[in-house]
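To start, the structure itself, in structure tokens.
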Amino acid sequence: MSAAVSLGWIIAVPFAAAILIVMSDPRPNQREGVTLAAALLLFVLNAALVPRVLAGEALVLHLAEPVAGLPIALSVEPLGMTFALVASFLWIVNSIYSVGYMRGNKEQHQTRFYVCFAIALGATMGIAFAANLFTLFMFYEVLTLCTYPLVVHKGDAGARAGGRTYLAILLATSIGLQLLAITITYVIAGHGDFTPGGLLAGRIEGPIVGVLLALYMFGIGKAALMPLHRWLPAAMVAPTPVSALLHAVAVVKAGVFTVVKVVVYVFGIDLLAGESSAAWLLYAAGASILIASLIALRQDNLKRRLAYSTVSQLSYVTLAAAILVPISIVGAALHIAAHAFGKITLFFAAGSIYTAAHKTEVSQLDGIGRRMPWTMGAFAVGALSMVGVPPTAGFLSKWFMLTGAMQSGQMFAVAVIVASTLLNAAYFLPIVYRAFFRAPAVDDAGHAHGEAPLPIVLALSITAACTVALFFWPDLALLLARDLAQAAR
Amino acid sequence: MNEHWLYRPRTLSRLRTWGVGLLVAVVVAELFVTLHPHFGFAGWFAFNAVFAFVSCVAMVLSARLLGRFVRRRDDYYDDDRLPAARSGGAPASDEERA
Amino acid sequence: MSLASVPPALLLIAGAVALPFIAPRWRLLALLGLPLAALVQVWHLPDGQVLAGEFLGFAVAPLQVDALSRVFGTVFCITAFAGALFAYRQASLMEMASAFLYAGAALGVVFAGDLLSVFVFWELMAIGSTLVLWSAGSTQAWRASMRYALVHLFGGVVLMIGVAGWAVADGELGFRSMTAALDGEGARALAAAFILAGFLLNAGAPPLSAWVADAYPEASPSGAVFLSAFTTKTAVYVLIRGFPGAEILVGIGLFMIFYGIVYALLENDIRRILVYSIVNQVGFMVTAVGIGTELALNGAAAHAFAHIIYKALLLMSAGSVLLVTGKRRCSELGGLAQSMPLTAVCGIVGAMSIASFPLTSGFVSKSMIVDAAAYQHLALVWVLLAAASAGAFLYVGLKFPWFVFFDRDCGLRPPDPPANMSVAMVLLAVLCIALGLSPGLLYAMLPHAVQYVPYTGAHVVSQLELLLFAALAFFMLLPALRGTLTISLDFDWFYRRFPVLLLALLTPPARLLWRALGEAVCDRIARTGRHLARVYGAREGIASVAGSGAMATAALSVFGAVLLYFYLR
Amino acid sequence: MSAGAGLAAHLPALQVVLPLLSAPACVLLYHGARVWWLAMGVSTAAFVIALALLAQVMGAGPVSYALGGWAAPWGIEYRVDALNALVLVLVSGVSSIALMFARDSVPREVAAERIYLFYTAWLLCLTGLLGIAVTGDAFNVFVFLEISSLATYALVSFGSERSALSAAFRYLVMGTIGGTCILIGVGLLYAMTGTLNMADLAQRLEPLRDSAPVRAAFAFIFVGAGLKMAMFPLHAWLPGAYASAPSAASVFIAATSTKVAVYVLLRFTFTIFGVEFSFDTLALAKVLTVFAAVGVFAASLAAILQADLKRMLAWSSIAQVGYMLIGIATANLDGLTASIVHLLNHALMKGALFMALGCVAYRIGAVRLDAVAGLARRMPWTFGAFALAGLSLVGVPFTAGFVSKWYLLLGVLHNGWWPLAVLLAVTSLMAVVYVGKVLEVAWFHTAAPGSVTERAREAPLSMLVPLWLLVLANLWFGVHTALPVGVARSAAAALLGLTL
């Protein structure tokens, strides 16, 4: 199968799956079977592309050109490959998890859930492999719209309020700022194709660079750069699998992925590094890392705490990109993968707790680790990865960020990483301690519960294992990231 | 009598005499060995004895002096918490949970 | 990785992971067997790089052996064994597993041939030790452990920054002496400084010395034994390897020595006294590293070896007391020698060693350091070290045994601790004496050749003078040394109390300001909203369906304006 | 064959004559249903003719037709090029679809015995609009403008609410002022040049450019056209008129009449007065951008704050006219293309939106925001259409709206007008707000217990079909942009005197 064709398939499979799921509506087993099959197929297709990418093949698939000069095209480059691999792999795991969760909690509208999920993955693939800004923007919007029903899944007032914030911020930023930025780019450069070294390189200079950068960075609402982060905590009303795969991996990573793409392929790090008006990004990212962590510190609701941790971790990627040296770009790329595995593990654990024990608050978790050792063990691994302690994936990205920061002498970035390490520890370690070292609170001594359903435990064990495995065998991720850094030069 | 031998007055007085004797003996012993000091002052007779006594007293006194500033009642820190604690992050102290 | 090249670290870490899954009746075997196996492996491994590889694009040597690492490896294994023996009946499974992870990580550090591996095990050590603290289970222990964890994560990041900087500046990460770079300029100097800072933090150096006395005393009786052995001594090890002869260390070391003495003198909690003495003793080693001659480095290594053993012994006896009486303050104890003679004897042996009495391990090791200063004609240093040796006898060598086992009878008559604990204590006590009697055992291990002879008449006599007159001072000042129900503020005030005060101070005004602002903003928004609604809304203002007359006039005025404009062009 | 050829030759005349003659026929037929069939037929015929003309023009270039055989410049010339061909297609097309919709909608809102008059007015209006587009004679433009306007006043006055009459009257006053302005303008031009034929005028004006009367004429025509198209400060008649006209009429008027006025402005400023006079000498761009920018913003804001949905759409129309004016103001190829494409696209989206509201009115009578609470769950097709058309209005990719907005941004940025670009972004957001507001209320709020909403059913097929035709057109032209953009580009090029 020619590479270009397989690219087409990668986009097509999830959407096809969505249709099949609709058709298998009344039959849950078939429905979830289709999801799993599609996920597996998608991952295989992606994996098949990897050697070609590493070989440096340029794979382009030209789909259409609705408006003259605005082609819709797909192409593969290292960062997109990483993102697609991670997302498609985690879709498999998450599907297993979803089965356990949705059934365990007897959720309504499960078909709609799986359909939207498949579409979301399709959009994610589209974003990962978009060859130009317009294509990326298009899939970006599709992702926003098709995740909305998932956010409001519960359908009650709270869910609607959350969904409203979600949609409002994401649409407003993307249409108001991002689209404008994209247009400006097209006008200045005449095209929007992602080009190594930056398609604006040499075309603009002066304050306009800073302004355009701002339009992009705040236009990419999914990257949750403060103060445009509110949608993420709001989205936590969704069922946990959604929070896990979409709001820890697909959607948010689509955001930071776009950020990195823009920095590397649109501006080019040399252009930004040479432009004082673009320096603000580093500080904005740093601030949002710290502030988000401080807020997370004060959240008692587990998912909210995780959400704010996500906000801060996303800004890690932005920060890494903003350091503007190739090695830190490697860090950014790695963090997209590393954080994905760690954070999805944490969310899986949160969902597992909710399913087995119906607990949502941190303060309720005393001694739960004794009843759910696997869940909380996985949680501990994820937490360590967030802090960036070896032997977990989080260490890798942190290492490259620090190296980059030291290389470019960005002591601010260094200080931020130090501070946020401590903050991360300060809001994750207490949870682990409670779970394993406190006696269960008196009130629920009566009603005993064990581990969550098998699919859930299985899923979170897999992701936790991956979080550790990525530390010991980072080679593939590293190769792709290095290729990206090459393109950044 | 059931009192432990260590605590009999006779033992104590005996210990005291032995102790004093030991001190004297050590100083006298200095006459029978040849010191090869690295520094002049180290060669003075009974330097170590005097030096040890003086420096110990000095240390104790200086410690007392510092103590005036740094000593606090030992429940001084009892109400401090990690910031997380205020949001239920850190476990409540036992008395609260009781 | 053939069986011959299994890292000792791996044995213990694997043991830690496996422990929960081992059937209870085999556990004791694993607990005692693994450290011994590790010990065998330490001596079985050949010198040089045993394992080498590539990680993140750097050549790494996770297993590299030489005399220095073997000294520390040996003593770590011994402590792990004795500790396990001491702990296994009382300690929870979690604590044992954590302790093994911790010990394994420490072994990993001393056998790491490159900075990356050092860092990885460094962090593992932080995790392991935190878990050991958590296992104590009390709320105080929990809070102390959080502070401990944060301080060490901070140290970890500082170290990581240094390593990253070194990677950038130097291109490769082999773990060699960085003293030269420290004196140099630019990126390498900066990186080296960060690395040194990271190392020193674990050594309990100022200004963050407080974590030692803050955390260790909160651990369980057995936990404290493990904690006292590894973190600070690995720090000494990496200093010996990484920064031999860095002058700054002399000053830092001396500060630590007297910091330890003074705070121990003010202290009432017996285990805290012992913990301050860790800082004090590590201070000797750091000073030695700063002096940097072969003798000094030998002394540092030897003293670390001896110190680990007698400090473990001291904490074991203190732990036994705590276990059987449940009391931890000098002021509540006394006269226990009557009912727990064994513990008392072992405690005294430990106390004698730390005071470096002749015929104890402390004597043969600490003397090397003091004399190293002398050989370098560092008069002031020598004087201070001598005074410190005397002081050491005063504040711990006498204070600990006297107030716990003798002095006023507190009326308690607890028995000696269970057999396994007693055995462990006796084992270590014997080691202390053995090393004191035949220093050759120890000297043979040291990295550099040793011609040093501890037992000369002069040396013995002067040392005895020093110690006995310190004792005289002790008994004369006894009233001044009695414990009081107090703690002593330290640098940790700045992260324990200061933020709280700051918060308490700033919150009310901030809240007021915020509310005021909020109201102001809300009002403005509301007013603007009403205004907009009026101007653009349904019936009046712009959106009003004005009477046709009004509209016509508006239209005509617009027309007039336009006409004028076009004329004036 | 020859008949066919002969017919083909007379298409421009037929385009106007057909609806003109069939208007009185309606009065004779009288009976509602029959009248509808006639109107429907005629309008469809007009649509076919328009398409044929467009084909001719795109194939063989501009078509010139001498009415009554009197050659220009003496006789009246009908001149069809890409621009007005497009307008013809637009007007007749929308009229046809709106009539499909009207069949069931009108009887609900117009008294049975007056329906035949309604369609008569409709056909006259159609005649006028087509005439304006097709003629090449300046005075003729005025005549047809008046025909269409008078008919439109009538159509508005058919509205069921009493406010319809006052609205119609207000519209009449303003419309008349506008008409008069244009009449005076044309009169001045005639006085100066002695000709009324547009092409002829263009030539003869060359030497007299700087004379005061010509400038005055320009001002008159500009304001006149501005009034007809509801350019911002001259817009006040529009909301009332659109809001109170019968739904079908709203669809028709909203989609066509302002567009035709825009066409008139284009015709005069570019073809007759010429680019350099309008834009260099008179610096029209300044005036336009000021009016347009303020208008777009103010109108969008007003739209957000409306509670009556038809009124809301009316305001959004004013804003959209502002977009077209901005496009004109750029006076470059992309900008003009944007304006011309937007003539079409806005007709499609606004037509669809008004139809959706027509469906709502058909079921529950009222079209106030609070009245549609929870209605979407009862009328999913209607509100699905409303959502899609709304997205098109916002300018989301793959809808027609995106295409025009895209070219507009390109045009604006080519002139380096960053503030305007930002304004476009902001106003798009405001569009998101006022469309989203409706959708949220309709989908997520719950109907007041016991209200008609609870019993409402989906609108009848006869209304859903035209509605969805327009919606699909929105999507179709969002993806297959070649046709409209191609035509618009050549039209724009012609106006600018460029050759593609």
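The chains carry the letters A, B, C and D, assigned in the order they are written, with residues numbered from 1 in each.
One rule holds for everything that comes next: a residue touches a chain if its C-beta (ideal position, glycine included) is under 8 Å from a C-beta of that chain, and two chains touch if they have at least 3 such contacts.
Source: prediction; values computed, not measured.
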Checklist entry - How many links in the shortest chain of touching chains run from subunit B to subunit D? => result 2
Next on the checklist: If you tally contacting C-beta pairs for every chain pair, which pair wins?
Outcome noted: B-C
Next on the checklist: Using only Cα atoms to place each chain's centre, name the chain farthest from subunit D.
Outcome noted: B
Checklist entry - What is the distance in Å between the mean C-alpha positions of subunit A and subunit C? => result 37
Checklist entry - Using mean CA coordinates as chain centres, what's the subunit B-subunit C distance in Å? => result 23
Checklist entry - Just how far, in Å, is the C-alpha centre of subunit B from the one of subunit A? => result 59
Checklist entry - Can you give the whole-Å distance between the Cα centres of subunit C and subunit D? => result 79
Checklist outcome for this item: Where subunit B touches two or more other chains simultaneously, the residues are 82-83, 90-91
Next on the checklist: If a residue has to touch 2 or more other chains to count, which residues of subunit C qualify?
Outcome noted: 142, 146
Checklist outcome for this item: subunit D residues touching subunit A in their complex are 394-398, 402-403, 406, 409-410, 413-414, 421-422, 424-426, 428-429, 432, 436, 440, 444, 478-481, 485
Checklist entry - Tell me, which parts of subunit B touch subunit C in their complex? => result 4, 6-7, 19, 22-23, 26-27, 29-30, 32-36, 38-39, 46, 48-53, 55-57, 59-60, 62-64, 66-67, 69-74, 76-77, 80-83, 90-91, 93-94
Checklist entry - Tell me, which parts of subunit A touch subunit C in their complex? => result 384, 387, 389-391, 395-396, 398-400, 402-403, 405-407, 414, 417-418, 421-422, 425-426, 429-430, 433, 436-437, 474, 478
Item to check | Residues of subunit A defined as touching subunit D within the complex | outcome: 64, 66-68, 70, 134, 137-138, 141, 160, 164, 167-168, 171-172, 175-177, 179-180, 183-184, 186-187
Checklist outcome for this item: Counting only contacts in the complex, subunit C reaches subunit A at residues 56-57, 94, 119-120, 123-124, 126-127, 130, 134-135, 137, 142, 145-146, 149-150, 153-154, 156-158, 160-161, 164-165, 167-168, 187, 191
